[in-house]
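Next come two complexes built around chain A: one with chain B, the other with chain C.
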Partner chain A sequence: MLELIGLSLHFGALKVLDGLDLTVERGEVLGVLGPNGAGKTTLFNVIVGVHAPNAGRVLFEGRDLGAMRMWHRCRVGIGRTFQVPRPFSDMTVFDNVLTSAVHGGGLSLAEGRRQAEEALDSAGLTHRIGQRAGNLPLLDLKRLELAKAIACRPRLLLLDEIAGGLTDRECEVLLGILRSLHGQGMTIVWIEHVMHALRGVASRLAVLHGGRIISTGSPDDVLADPRVHEIYLGDAAA
Partner chain B sequence: MLGGWLNQIVQGVLLGGLYATFAMGLSLSVGIMRFVNIAHGDLIVLVSFLILTLTTTLGLSPLAAVLVTLPITFFGGYLLQRLLLQRVLGKGVLPIILVTFGLSIIVQNGLLGTYGADTRKVAGGSFETATLMLGGGVNVGVLPLTIFLSAIAMVVVLDFVLYRTRLGARIRAVSDDVAAADLIGLPSARIYATAMGIVGVTIAISAGFMSIWTNFDPTSGPSRLLVAFEAVVLGGLGSLWGTLAGGIIIGIAQVVGAQVDAAWQLLAGHLVFLAIFMLRPEGLFPKY
Partner chain C sequence: MKASTGAFAIWCGRLALFAGAAVLVAAPWLFRVTDIALLTEFLSLLTIAVMWNLVAGYADIVSVGQHAFVGIGAYAFFGFAVIARIDPFLAIPLAALVALLFAIPVMAIIFRLRAAYLAVGSWVVAETLMLAAGKLSAFGGGSGISMPVSVVRIFGAHPAERYATIYWIAFAVAALSLVSTWLLMRSRIGLGLTAIRDDEQGAGVVGVNLSGLRILCFLWAAPFLGLAGAVITLQKLRVAPPASFSIIDWTVYVIFIVVIGGIGSFEGPIIGTVIFFLIRSYLSEIGVWHFIILGVLSIAVVLVEPRGLWGLVRRFLPEDVIPITRRPPLPGRPTEQASRPAESIAHE
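Here is the complex of A and B:
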């Protein structure tokens, strides 16, 4: 579904992505790990068009996204959440999601309302529907990020540390939502530091370090990989 | 004596309506796109000259001339944003100030070269001089009253568009967070351009009123910008009703200042602005 071929990106002398190759299969949940500064969020930024890579290609369903603008990438089926929630603070929760459904999902207003209601239901946010988004607590802000992304009807959903800062119980709620989305056939790429959350739903892991994928495979295999131990725990662990 | 002061305050409120029409477009620029268009006053003067040309060369009535300019200013605003302002938006405070300052100079010199330095005015006929006697020494000009009611109507319509329509939801989303809006499929550059088109429409309306009520010349823009800027800041960034209130406060201050001494008219407006700004720098009804 998604192919990243030789992606490189540097900010001045700093190489953030360095010839990165990665393939995401349709219907899988891929967890992306890596220490801080490994380039995980930058990778998402390149996929959705925030940054143009200095080299390499992003293919989505066989189509080279090239210079396609950010809003267009959403409309062709790529949804994304932010690590720090970015709601439209002044709008109600429902209007946030409705705006996503109508514009990102390409729906009429009536269809958009239905889609927004479904997305809010999927994200477990119906109890906040009329509230101002800027007033939500953290868990509900994360749910709103998710609902906005789902409302765009993406085929590929990119989640950026959506479990960060949540309690174990809140994390379980979130996992239930993600399992349900995966059950509906959605392909998910999930950057996360909360390992138990990632293992609860990811079928494959990829570890990013120094702008490259250094290990990929089943969660058990990747977590047993000495190179992964080394980057997280230092030479002594290897 | 009391009737005289009451009449002056009523005249100040009505003058505030004109100032609010100047400020409405600037309030949208600041509130939505988060930049101060230094050329805002010059664009009002530019459209005033366009209206003058339409009335004198084609013989159109002022109302017909304003109606003709509405689509022109909408597309003018759209293209100005798309082709020029969008290129420097989001690249820091200085580039947008320099670009709009340059635009201001170009407009002023273009008008000087085309129309000369003479002061102009559009003839409004009997509409301009008609007066309603309300009793108690209070007289209200039909033109200022129309302008004031139009200013209220502009706020109501713009408030409706921004908070009750899909276009408004798009504009507010992009204004709130450009990247987040892009990522839910909103083409922010196009939406900003549409918002600037709406600013263009408000400029046409304010230019129509200004060209009938007051004299103008190619260098009048900066003084219009100053009043508009004061009204926006006094009202609080992002609040259209606040902008109307800001315009009214400056209008009243100017008229009352002129009542004390004619030389105090403009200074009184600026002093009241400064006093309120010092006490409440966020403005009276801020949204941001």
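Here is the complex of A and C:
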């Protein structure tokens, strides 16, 4: 479904992505791990078009996204959440999600209302529907990120540390939502540090370090990989 | 503020708005000619402020060259009505069309720039157009030219009649700009623009066509600015480059109005225009000091609340007086006040 071929991106002398190759199969849940500064969020930024890579290609369903604009990538089926929630603060929760549904989902206002309701219901946020988005607590901001992303009706959902900062109970709620989305056939790529959350749904893991994928495979295989222990978990864990 | 008090304040605001609109409708029968002239100017400036707010406040195109389109509208109206001898009432919409046509190449130039560069670029384009207008000998060159009496009389044989006619034109232009822009903001386009206002990158990621909406806003504003230019020409009864393309009158004052009233809100330009005229009416006798007061006031408002006076008031209200938002379909109507920033809560 998604193919990243030789992706490189540097900011001045700093190489953030360095010839990265990665393939995501349709219907899988891929967990992406990596220490801080490994280039995980930048990778998402390149996929959705916030940054243009210095080299390499992003293929989505066989289509080279090339110079395709951010909004267009959303409309062809790529949704994402942000690590630090970015609500449209002065809009209501409902209008936040409605915006995604009518613009990202390409729906009319009437259809978008129904889609927004469904997305809010999936994300467990209907109790906040009329509130100002900027006033939500953290868990609900994360739910709003998710609702906005799924209201775009993506086939590929990119989640950026959506479980970070949540309690175990809140994390379980979130996992339930993600399992349900996956059950509906959505392909998910999930950057996360909360290992137990990731292992709860990911069928495959990829570890990013220094702008490259250094290990990929089943969660058990990746977590047993000595390179992962050395670079990501530390020598002591080996 | 309690929910019931907030709702009461909202309805008081709406009542004040209807009362203001009613006074404007009845103005020709209520006020003297000098007051009608002042109200005509008010309506023209309100139209320009609504458009700058749309372009800068929502679409994030911080142009300081919108006086270009006021000037183009003024010259186009004069050209059609006086030089081409077309019916002056028809010349008004034609002036809007010319402003729209000019907006296309101007947009092609300045949209290559962003942020401060766009602001400077828009100003340079406006000044260039003003200098070009000064070279048009048929329009009186650099010193400008007055409208012939024969054309002026078409709007009324007597000054009172003429002032009333021009007032109604200004009223129609302002009402059209407000109502149509409100409808625009209530549409899916308005949703996208409000999202851009709150978070440009976030809007792009959920599929809002940033460049498309920017183009639409710019092209939306241009004809209204051209209409305002035609009304201003009718009121001044002449065109001249420094007056028709005045950066102070049609851009600097307008930025003050929108910033002080509340940028990125529908109520802001209305509040700002009222405050601007109150300050100008009551403090103009103190000469240059009234400009200093305007400047200090705008800086003070921005420091306290970047969203202007309306942003300050809005903290205590559950919804807008002129709603552009949609009612949620399920139970759970707005219950929480917009009083604290997201960041302060997100990290609790």
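Heads up, the rule we're going with is that the second predicted complex is superposed on the first by the 232 of 238 C-alpha atoms of A that agree within 3 Å, B and C clash if a C-alpha of one lies under 4 Å from a C-alpha of the other, contacts with A are read in each partner's own complex, and residues count from 1 in each chain.
One rule holds for everything that comes next: a contact is a pair of C-beta atoms (placed from the backbone, for glycine too) under 8 Å apart; a residue touches a chain by one contact, two chains touch by 3 or more.
Quantities reported herein were computed from a predicted structural model and do not represent experimental measurements.
Engineer: In the superposed model built on chain A, check whether chain B and chain C fit or clash.
Structural biologist: Aligned on chain A, chain C clashes with chain B.
Engineer: Look at the residues of chain A and decide whether chain B or chain C touches more of them.
Structural biologist: C
Engineer: I'd like to know which partner A:Trp71 touches here: chain B for first, chain C for second, both or neither.
Structural biologist: The answer is both, since A:Trp71 touches chain B and chain C.
Engineer: Give one of first, second, both or neither to describe whether A:Val50 is in contact with chain B, with chain C, with both, or with none.
Structural biologist: both
Engineer: On the A-aligned overlay, A:Ser180 touches which partner chain: chain B = first, chain C = second, or both, or neither?
Structural biologist: neither
Engineer: Going by the contact rule set out at the top, does A:Leu109 touch chain B (first), chain C (second), both, or neither?
Structural biologist: It touches chain B and chain C both.
Engineer: Counting only touches as set out at the top, which of chain B and chain C does A:Cys152 meet: first, second, both, neither?
Structural biologist: After superposition on chain A, A:Cys152 lies in contact with both partners, chain B and chain C.
Engineer: Determine, under the contact definition given at the top, whether A:Thr99 touches first (chain B), second (chain C), both, or neither.
Structural biologist: A:Thr99: touches chain B and chain C.
Engineer: Tell me the contact category for A:Arg86 with respect to chain B and chain C: first, second, both or neither.
Structural biologist: Both partners.
Engineer: List the residues of chain A that touch chain B in one complex and chain C in the other.
Structural biologist: 48-50, 69-72, 74-75, 79-80, 82, 86-91, 95, 98-100, 102-106, 109, 148-149, 151-152
Engineer: Contact residues on chain A for chain C in the complex?
Structural biologist: Contacts found on chain A: 48-50, 69-72, 74-75, 79-80, 82, 84-96, 98-100, 102-106, 108-109, 112-113, 117, 126-138, 141, 148-149, 151-152.
Engineer: Considering the complex alone, what residue numbers of chain A touch chain B?
Structural biologist: Residue positions touching the partner: 48-50, 69-72, 74-75, 79-80, 82, 86-91, 95, 98-100, 102-106, 109, 148-149, 151-152.
Engineer: Would you tell me which residues of chain B are touching chain A in their complex?
Structural biologist: Against chain A, chain B makes touches at 166, 169-170, 172-173, 176-177, 179-188, 287.
Engineer: Using the touch definition from the top, list the residues of chain C that touch chain A in their complex.
Structural biologist: So the residues of chain C touching chain A come out as 187-188, 191-192, 194-195, 197-199, 201-211, 325-330, 332-342, 345-348.
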